[in-house]
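Got a structure here, written out as structure tokens. Questions coming.
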Amino acid sequence: MCRWLAYSGDPILAEDLLFRPAHSLIDQSLHSRMGATTTNGDGFGIGWYGEGAEPAVFKAIEPAWNDRNLRELAGHIRTRLLFAHIRASTGTPVQRSNCHPFRFDRWLFMHNGAITDFHEVKRDLMLAIDPSLYPDIEGSTDSETLFFLALTFGLTDDPPKAVERAVGLVEDIGHRHGIEYPIQMTVAITDGSSIWAFRHSSAGSSRSLFYSTDVVALRKLHPEVPALRSLGDEARLVVSEPLGDLQGAWNEVPEASWGVVRAGQDELHPFRPAGAG
Amino acid sequence: MCRWLAYSGDPILAEDLLFRPAHSLIDQSLHSRMGATTTNGDGFGIGWYGEGAEPAVFKAIEPAWNDRNLRELAGHIRTRLLFAHIRASTGTPVQRSNCHPFRFDRWLFMHNGAITDFHEVKRDLMLAIDPSLYPDIEGSTDSETLFFLALTFGLTDDPPKAVERAVGLVEDIGHRHGIEYPIQMTVAITDGSSIWAFRHSSAGSSRSLFYSTDVVALRKLHPEVPALRSLGDEARLVVSEPLGDLQGAWNEVPEASWGVVRAGQDELHPFRPAGAG
Amino acid sequence: MCRWLAYSGDPILAEDLLFRPAHSLIDQSLHSRMGATTTNGDGFGIGWYGEGAEPAVFKAIEPAWNDRNLRELAGHIRTRLLFAHIRASTGTPVQRSNCHPFRFDRWLFMHNGAITDFHEVKRDLMLAIDPSLYPDIEGSTDSETLFFLALTFGLTDDPPKAVERAVGLVEDIGHRHGIEYPIQMTVAITDGSSIWAFRHSSAGSSRSLFYSTDVVALRKLHPEVPALRSLGDEARLVVSEPLGDLQGAWNEVPEASWGVVRAGQDELHPFRPAGAG
Amino acid sequence: MCRWLAYSGDPILAEDLLFRPAHSLIDQSLHSRMGATTTNGDGFGIGWYGEGAEPAVFKAIEPAWNDRNLRELAGHIRTRLLFAHIRASTGTPVQRSNCHPFRFDRWLFMHNGAITDFHEVKRDLMLAIDPSLYPDIEGSTDSETLFFLALTFGLTDDPPKAVERAVGLVEDIGHRHGIEYPIQMTVAITDGSSIWAFRHSSAGSSRSLFYSTDVVALRKLHPEVPALRSLGDEARLVVSEPLGDLQGAWNEVPEASWGVVRAGQDELHPFRPAGAG
């Protein structure tokens, strides 16, 4: 499967997020603790906002831990919103167009998990994608398919509802193919200002997902940790697994729920796939 | 566009086909004379028959001219049937799954040319592919789509008829989308013993295609050329453009025709796309 | 050989330098007009200044024309000083550590040309490199060797003098090996504020090199060209070959000379390799 | 560090060695049990003998576990002598020229381990390499340096003596630089008929190394294992760690020793680095 990280807050150097933390995402590419696989070496990608409304995306098929370009860029990209993803392929080729995050206009999307027996249901899922969106599909993954289904169901208007409908469709089609548990996922989506995060699996035992504690509260709890002083008050992270072991820093996103991180107040809601019924 | 070469005959070292000739395919990757583009540096691939019934395929996204692995392999692969292809992308990503030749069971397929405005007609073409074949599509090119359409229409039973139907469908769908000249192509197909070659374009001005003169005849014509002595009597090449300037060695495949190279006798026929009508 | 571009001036988006111009560097990677080779597809690199004193470097072994990451980054890197280089290998492997620009602390270096018969003189040249610098050599090119020789001779104190001594040494050692014309080069060097450019060859017929005309003067000459209005007054380009055909925009750097581009006034001087004698 | 495998015996399909065994080398690229690192994902290489006297070498910078070309080739290369290596970089770049096995004429060399503080001693070691061999060095690793030192000391005449002298020199130079334990290694060398294997470390605690039990004896021990029936009587493997758990199949090469596998009789001797003294 995969591991990912989403950050929003005061502009920060990417290396402070990707390389510096104790159990950083780069460290997880070699030694994930909570992932379905220990090694996430089948390519990686980062997406960030800066010039213009559209995010930039840098992706490569090498493992993140040995990619010199990633290290170079991380030391020079300062951004208020960063998505980063390390991949462990579940079968589809290791090629740039299969690396996350995926982009559509100013939106980014990344995924950990899998659509079960994707090979069998792929055609039906592709047929459900809006024909006007279809030509923009570049790769061959279940993840990008899920993204385009969500786009089809109105992602750019109402991300949670669109993802609920997309997942509902994946589960319907999966069940029709006799697949008991059609999907397993954590997902992150952004339009460049808010971050939506989702945790769901048909079997009710989803991949891990955590969000960071409010920095102001955390500083009071740990006045001895200098790294916290350099983080802005609005800094927020959503991650596949905690970046370190700081007591009180990480909160698990509950099973079957979605949340949104944005300026002002965050929210957390139950996630209910919207079946065809 | 692209350039390609197909060989059958006595087992020969790949480098004698790919690197040694004066205007070799590797030379064409930098300096094509007859191609739509001079440079064919967007990946390459070779397929050959040896162990087992299924051919091996080696493909990479680097230019053929600087790939050290290709040079290594060419010096150690001895085969009686070789396909080789150098790519100039017409827009789809440079990734291994988009490199030719494409394989299905013991079949290989490669293509030079393009489906016009592929972006627009892709979904309709994909829908026409047999659902049981659909999951085996790995890349995103017009070429692989054409291959899977031909497979849908019975390529493994009757290659010429299947290609005529596939091309007929591409032209029908293209016309329905208001595209005047929907396809431009030379194609090579093999099952490991025969090679079928096709030359066609909707506009009636197809990419170049040549086949080699019978070696026995050629030796009589050029007793002074030592390379001809080392070639077996059954050696046959079909190429996008001649490998050298030897007088009498190359014959143009006529516009709108297909031929088959096989043990015994070759054939040449008119190519007639089979429209839906 | 290679092609390169160096820019300094008001912060500018990299894509405005690399992709937008008529005969851009990316275009030159496929269709160089003045280069020793038409195709420069053996990797590329860019270096730029932003965060911190050290420049970032992004390099890859794919051709520049089909690299999606380069296109992404070019749209998001805004910098006041950019080096860009496209490579045509003269024999050494196509690998990231052989791509230009090379970096040492806050310095960047790039080169077009070759040390003649590098294979033969390499060991003698390596021995002349300061042992304390030696371990920092990462690749295997003549270009990086030249850079480290210049560093050995005081590049960070006085670039022109150091390059004159480095070239002098290369010519001495070459002559001792019986090589008539030991070096051929255009070189660009920067410390993040000035750009030094060099044009020299032992045979007296160096690769082409041009610098751009003062933007204020150019605007008066061509009030009709909108692109000139968006360039800052201090914008300066040094390039292997002109980016377009604008009359009066490009000035050839004379044979056997070096120049410096910096805030305030530029300079142009004769280049005199400092032999051992 | 790394993992490697060397095979000699009846011609065998590479995939039967690389992919089929329970704890195959490909499996070890993700999950090494005995290596200094669990993951060996920084490139790989194979070398084999077939056409001509010189071996072919196929190397790539992707992890072995996800490389489709390796899988293709493994299914079509049938050889009587195969070297295979998966790399975990100890700092030098992940590039083809740093992948093992290294080749010189008809010789192959691969290494697991490291020269301690290579950065510091590299220049002195390079100076000790025969100037006539120096230009053939292509990469930047400690391993290739060790190979060229052994070539300098007569590898092609007497491999064990040459390696003992090369290691002696590395230890001398290391000690002179104040390095307590200058080298750690298992090494495999072949000329296309014999395989020499070495196990040594300055600290006396070397990386693991095993050789396979005689197949005839093993078949008697395990008449129930079908895989043993398909192996030729002369099949011999030397490996970094056992490929499976078959009782009696693997024998540890003792600390500080070298052995040779060849037609007829094998040998095992103590390894004694030859110091300058």
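In this document, chain identifiers A, B, C and D correspond to the written order of the chains, with residue numbering beginning at 1 in each.
Just so we're on the same page, a residue touches a chain if its C-beta (ideal position, glycine included) is under 8 Å from a C-beta of that chain, and two chains touch if they have at least 3 such contacts.
All figures in this text were calculated on a predicted structure; none of them were measured in a lab.
S.K.: Can you name the chains that touch subunit A as well as subunit D?
M.R.: B, C
S.K.: At the subunit A/subunit B interface, shared numbers over all numbers used: above half (same) or below half (different)?
M.R.: Both copies touch with mostly the same residues.
S.K.: To lay subunit B over its twin subunit C by CA atoms, how big a turn is needed, in degrees to the nearest 5?
M.R.: The C-alpha superposition of subunit B onto subunit C needs 180 degrees.
S.K.: Centroid from C-alpha atoms only, then distance subunit A to subunit C, rounded to Å. What do you get?
M.R.: The computed centroid separation for subunit A versus subunit C comes out at 40 Å.
S.K.: Hey, what residues on subunit C touch two or more of the other chains?
M.R.: As it turns out, subunit C has residues touching two or more other chains at 68, 93, 96.
S.K.: Drawing the touching chains as a network, do you get a line, a ring, a star, a complete graph or other?
M.R.: complete
S.K.: With touch defined as at the start, can you tell me which subunit B residues reach subunit A in the complex?
M.R.: Counting only subunit B, the residues touching subunit A are 93, 95-97, 119-120, 122-123, 126-127, 131, 134-135, 137-140.
S.K.: Which residues of subunit B touch subunit C once you look at their complex with the stated criterion?
M.R.: Counting only subunit B, the residues touching subunit C are 30-31, 38-39, 41-42, 61-63, 65-66, 68, 89, 93-94.
S.K.: Hey, which residues of subunit A end up touching subunit C in the complex?
M.R.: Subunit A residues touching subunit C: 13, 48, 50-52, 56-60, 68-69, 72-73, 75-76, 78, 96.
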